[in-house]
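Note that the chains are named A, B, C, D and E in the order they appear, and that numbering of residues resets to 1 at the start of each chain.
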Amino acid sequence: MLKVDNLKINYGGIEAVKGISFEVPDQSIVTLIGANGAGKSSTLRAIAGLVKASGGSISFDGEDITSLPTAKRVAKGITLCPEGRHVFPDMTVLENIKIGAYLRNDSLEEDIQRVYKLFPRLEERHWQLAGTLSGGEQQMLAVARGLMSNPKILMLDEPSLGLAPIIVQEIFNIIKRINQEQGITVLLIEQNANMALKVADRAYVMETGSITMTGTGAELLANDEIQAAYLGRKK
Amino acid sequence: MKYDFSRKKKRDAVLDLLLIAVVLGICGFLEANKYNYSYAISIIERSMIYAVVAVSMNLVNGFTGLFSLGQAGFMALGAYVTAILTIPVSQRPSVYYISGINPLIANLSAPITLALILGGLVAAACAALIGIPVLRLKSDYLAIATLGFAEIIRALIAAPMMDTITNGSYGLKSIPGFSSIFQVLILTVVSIGLMVLLINSSYGRMFKAVREDEIAAEAMGINLFHTKELSFVISSFFAGISGGMLAMFMRSIDSKTFQVSLTYDILLIVVIGGIGSVTGSVLGAFVVTAGRELLRFFDEPLTVAGVSIPLFRPGFRMVIFSILLMVVVLFYSRGLMGTNEFSWDGIFGFFRRKRKAVKAEGR
Amino acid sequence: MSLTTFLQQCLTGISLGGAYALIAIGYTMVYGILRLINFAHGDIFMMAGYFMIFAMASMPWFIAVPFVLLVTTVLGVGIERVAYKPLRSAPRMSVMISAIGVSYLLQNLATYLFTALPMAYPEIPGLKKIFKIGGLSASFVTFFTPVLTIVLVYLLITLIHHTKMGMAMRAVSKDYETAALMGIDINRTISFTFAIGSLLAAIGSILYFTDRMTVFPFSGSLPGLKCFVAAVFGGIGSIPGAVVGGFVLGMGETALVAAGYSTFSDAFTFVVLIIILLVRPTGLFGEKTTNKV
Amino acid sequence: GSSSSGSAASGAAASKSASGDKVIKIGVFEPTTGENGGGGFQEALGIRYANQTHKTVKIGDDEYTIELVEVDNKSDKTEAVNAANKLMGEKVSGVIGSYGSGVSIAAGQIFADAKVPAVGASCTNPQVTEGNDYYFRVCFLDPFQGTVMANYAMQNGYKTAAVLTQLGDDYSSGLGSFFKTAFTNLGGTIADEEQFQTNQTDFKAVLTNIKAANPDIIFAPSSITTAPLIIKQARELGITSLIAAGDTWENSTIIENAGDSAEGVVLSTFFDEAEPANDEAKSFIEGFKPYLKDNKQDEIIPAVSALGYDAYLALYNAIEAAQSTDGEKIKDALKDVKFDGVTGSISFDENGDAKKNMAFIKTIEKGQFKFLTTTTIDG
Amino acid sequence: MNEVKENVLKMENVVMQFGGVTAIDGLSLEVNRGEIVALIGPNGAGKTTAFNCITGIYQPTSGVVSFKGENLKGKSPDCITRLGIARTFQNIRLFSNLTVFDNVLIAKHLRAHDNVFTATLRLNLKEEDRMRRETEKLLREQDLYELKDEIASSLPYGLQRRLEIARALATSPELLLLDEPAAGMNPQETQELTDFIVKIRDQYHLTVFMIEHHMDLVMQISERIYVLNFGKLIAQGSSEEIQNNPEVIEAYLGGSEDA
């Protein structure tokens, strides 16, 4: 479905991503893990069209989208929940949810109820300005907003950041559910590699701008090196 | 500019001395041939005066992150104080010929340096008062409030009730001029020098901290209000000094000299030079002032080989100037210097890059 | 002061306030979306005045008016494309300087093309019709301006709060990137905002100049500044705020001049502004910026 | 509107004189842009025309070509300082200008420091020449003009007056206050005094007050930008009083912009083409009309053009008398020149002001300026 | 150290309301000298708000916050920092365009003796020198010295967190408040941070009060834990007590899954 080929990203001369290639098959969950600053977020931003790729190509459903503007990519069904939430602080929770469905013209009612069910806290606070929500609440809102666009592929950049353990589990359950029930493809970045690898069909490990390892979630979970480097299990 | 002077490279020291010598040499030459180069001198003097106020504006806007547009008002205060104190007593009756002069100031006079400093102090005192209420405001609201105060100051200066002090609508004239270009040079260097020292001191760092993140700054024990007020007051002090210098440069002032457009001009200089760069502001002052003058030939009818080019007529200069301005803003959106300061390394680096680029093209 | 004089002054205040309000809305629109003080707004307004002079010289008014609205809108959108769009990622200050630059350019261009001398503004049939009631006299625009202002405000608020375009505008105002992630076309939204802003400037210019009869290159600068103040007064970004601000300033100014304090009529604008800001740091109806730590 | 592209011809003639010829330079210090750009341009036209008719001057045995160096002071004091310095840099022997007293005052010190004499054409503020040995002028002064209008008003039975002036503008405030003094001295009453801000375009509030005061005459000296606004808005409010002003209002743009409302407005001025004062004036009127046409201007001679012409003549005569290109000597010679200019006979008093005791009063009738009367006052 | 537990921070019945929302509802807690105490709870429980009430960013609607017996009511944030409370932020708030060195140096100014004149005219060189030396020392201790000339925002996330802590330490605090210091760190980095917190506590004789969602970290080092839900304290005690408290499990920890 999504294919990244030899993608390179430059920030003022510094190469943050150094020619990576990977694929996200239809209806799968794929995760990118790696240390801070490895270039994971940059990769997702490039796929969403927020940063220009300095080399390589990105194709979606067999179509080259490398030079398409962000809005057009969203229209094709690529949605990114950015790192750091980025809710619209001066809009209410409900407005934030609605704007997630900006490109849709059908009725939203059902979907709104669905995300409310996923995140009851949001229903409770639907009138509140998003800027005053707690960190975790904002994170929920960002994920909810992403779901509203009915994407073909949903890219989540550290969705569990700052969430309470119980919600973290919930988020991963939701990821699995939307993948299975709605058939949404998911591309996930997580620091919580442990859980990410558990839900992932396929995983890629990034280090300083390159992909150094790949395998199914289970394979990597069992890998000693990965355990030492990302799962915090010494030995 | 670095704190550790001992490590400064020899080359830089030599080059610095050379630069100083060249500047002094040029000034000396101009001074010696005053009558041949009065135009050049006037451009340079005006640039220097604008450089002082631009740096002062940069201090609040660029280094402290307070969007203040009150510069013209503080300049007006400095200018009027300086003018009132320095107009020769004998000339005063003819200056205040319509409404007469207030007996309080009729015989009040001060030597130039003292008058300038007093002008700066009055501006600073006024800024201190204004700062108490307005520095609570954020970004654009602060900008418009300070701009408002500048306009209020201007309205007060022009008010008929102030006729016997500021000469209301008629303005002040017979202000003594500079004795030589060196006087301007010294005043400029000292003013900017003091501001640079401040910016690089621990207080300057606090200004920058407030600019970067007010909440974090407060969490570091920085008192927001005191720090902002300090920066605002010091900036206004130097704005006042430069206003006084402008009065001496122009020899006659009235309230219209200090309209909002003056503030815009200075803001322009600061942004073109680079917000947060002192050398940028100085460079900007020269580029903008000189640029505007050098384009004068666009106003004159141009005839090439007997055919007069129709575009060239009065007003064309300013059209070209505004277009050039837009070009600079659009293509150097961070200003000529960005946030960098002048350094010899920078200069050499620039040329080296150029040469490389040329070589690369050559291939 | 006799009653007639008083009522006459009130009429003056209302018509001035109405004109200020119309222009202030344009400011507030653009600011609300772009966080850009569009210093060129007053000059777009001035150019609209010149456009009308030339349009009326060669076409009947019912063609000239839509034509001028269109040309002004194109001018506004064009300015956005050339002078603001390339600066999307530049520091805010640079964009503002660009706006000041455009303002300079328009003024200088007008001086160059049309000279500094004022030119007579054509009369649009009906607008200038003078009504006399007792000792009072006022033209049709005096009444028309406030009414039109209210209607436009209603339409704009509906647009911003109850349409998708409005939602997009509000999203873009906060965060370009995230707005784009919602599928919003940033450039189209901004162009649209400018189109509306310039359209308002054009409408404002017709009413304003009809009442004041001449146009010169600096006609836009003072109303521009005052209306910006009106917008800030009302809480920049807030449309009802801009209207209230416009009327407060227009009427306050008239009252002050009428009372014989012309000297302070400009200063008054700012005094009122500063007082309001001290009580409400984001203007009368300004939204508090939500900045949770 | 007025366009100036035709001026290219004369300008070119001035600046590109064949090298080798002896040249004497005269600076033209006028605003061609800014608030007073219109008036400044008209004044410059008169100067350029004078330069065509009096192209060369004989000093000793040498024939000197007079070359004009024009700078734009943009009606702005700060700009004026640079513009003046530019002229000094060009080594001019004398300067003419400027329209608008403020810029002249600002530049006065610079001319004096460089010992270059300046002859003002239409700058009527006393401060221009006051205390400045190097500044002369060929027009009358504001006190004189204010008095003239006060005389005219009283003589024609207007007993109560309202004065409307622009704040922060020395011309307007000055003239207003001189009118007030003279009018009260003559026994009139000032019924109302109002002021307005620079760039103000809405005068209804002040005019409503004036209407309430119901004066016989409204004296509203102001720039040509504001004039049509005041006139039209006054009439719209139903004010029927006579509206009067000073020399700036003699400008056809006022008639163009104020239309019918301008009918009956009265103003004082320096010059009237229907009443040539002398032969010089006659030949000027004949020659200048076609010149105006060449420059795509209306064929009504603005007074400021006539004054510009006279200012040039004053300098010309002084250069001839001084037999030198040296500023100091020309200044000394200026003190003693006496010649017939197109606005009357001109010589300077100890202040450097033209000794004039006559002004023309004009009115607007059927969309034209019409000569009404001349007024003289003594002393 | 004293054998009697001296309490450094005390909150009594603190209530914080925003319009209709009661973010903290009668919170009372104590933190004793030398302790590492954690504050946990679901998202939106009011943890950050509690920190904001302590550091003066919000003034509590009612209740008393005291530091070493001194009531903090009405004190501004800078004043509270001066008293000896330093903090980090949930969303990193570095002086992002300044260098690592300057970030820390700015915080040092709090305890400097100079004024704007002596500073501008360089009459305070000794003082300046002292601040620089101390900054250098601190950076070396925190393994940030190599990066001293880097621009703060260019650092990887984990190091930015560490720098924020170093900057807080530079104000010479007695009490350090950490708001989700491990957010955005992978388990490996979290482990390093855990050791780091203990290390600085001992090295600088600090009291640490932190908010955290990473349970490994919390359980490993905190001597006591407070649990907040809907602004109310629902539990307090040692790691084991908390881990086995059914109410906490239900509201916060969730099933057996390790987070």
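A few points about this structure:
Quick note on the criterion: contacts are C-beta pairs under 8 Å (C-beta built on N, C-alpha and C of every residue); 3 or more make two chains touch, one makes a residue touch a chain.
Keep in mind that what you see is a predicted model, and the values were worked out from it rather than measured.
The chains that touch both chain C and chain E are A, B. Farthest chain from chain B, judged by C-alpha centroids: A.
Looking at B-E and B-D side by side, the one with more C-beta contacts is B-D. Averaging Cα atoms per chain gives one point for each, and the point farthest from that of chain C is the centre of E. Look at where the CA atoms of chain B average out and do the same for chain D: the two points lie 35 Å apart. If you average the Cα atoms of chain A and of chain E, the two centres end up 30 Å apart.
Chain centres here are Cα means. That of chain A falls 50 Å from that of chain B. The mean-CA centres of chain A and chain C are about 43 angstrom from one another, to the nearest whole unit. Touching two or more other chains at once are residues 132-133 of chain A.
In chain C, the residues that reach two or more other chains under the touch definition are 108, 111-112, 263, 266, 289, 293. Chain contacts: chain D has residues 33, 37, 41, 167, 195 touching two or more partner chains. Against chain E, in their complex, chain B makes its touches with residues 3, 194, 197-198, 201-203, 205-206, 208-209, 212-213, 215-224, 230, 234, 339. Residues of chain C that touch chain D in their complex: 1-2, 4-5, 8-9, 12-13, 15-16, 108, 111-112, 114-120, 130, 132, 135, 137, 139, 211-214, 216, 218-219, 221-223, 253-254, 257-258, 260, 262-263, 265-266. On the chain B side of its complex with chain C, the touching residues are 61, 67, 133-134, 136-138, 140-141, 143-145, 147-149, 151-152, 155-156, 158-160, 215, 260, 264, 267-268, 271-272, 275, 313, 315-316, 318-319, 321-323, 325-326, 329-330, 333-335. Within the complex formed with chain B, the chain C residues making contact are 31, 35, 37, 83, 86-87, 90-91, 93-94, 96-98, 100-102, 104-105, 108-109, 111-112, 225, 228-229, 232, 236, 263-264, 266-267, 269-271, 273-274, 277-278, 281-283, 289, 293.
Residues 4-5, 7-9, 11-12, 15-16, 32-33, 37, 41, 70-72, 77-78, 81-82, 85-86, 88-91, 102, 105-106, 108-110, 113-114, 126-127, 130-131, 167-170, 172-174, 177, 195, 198 of chain D touch chain B in their complex.
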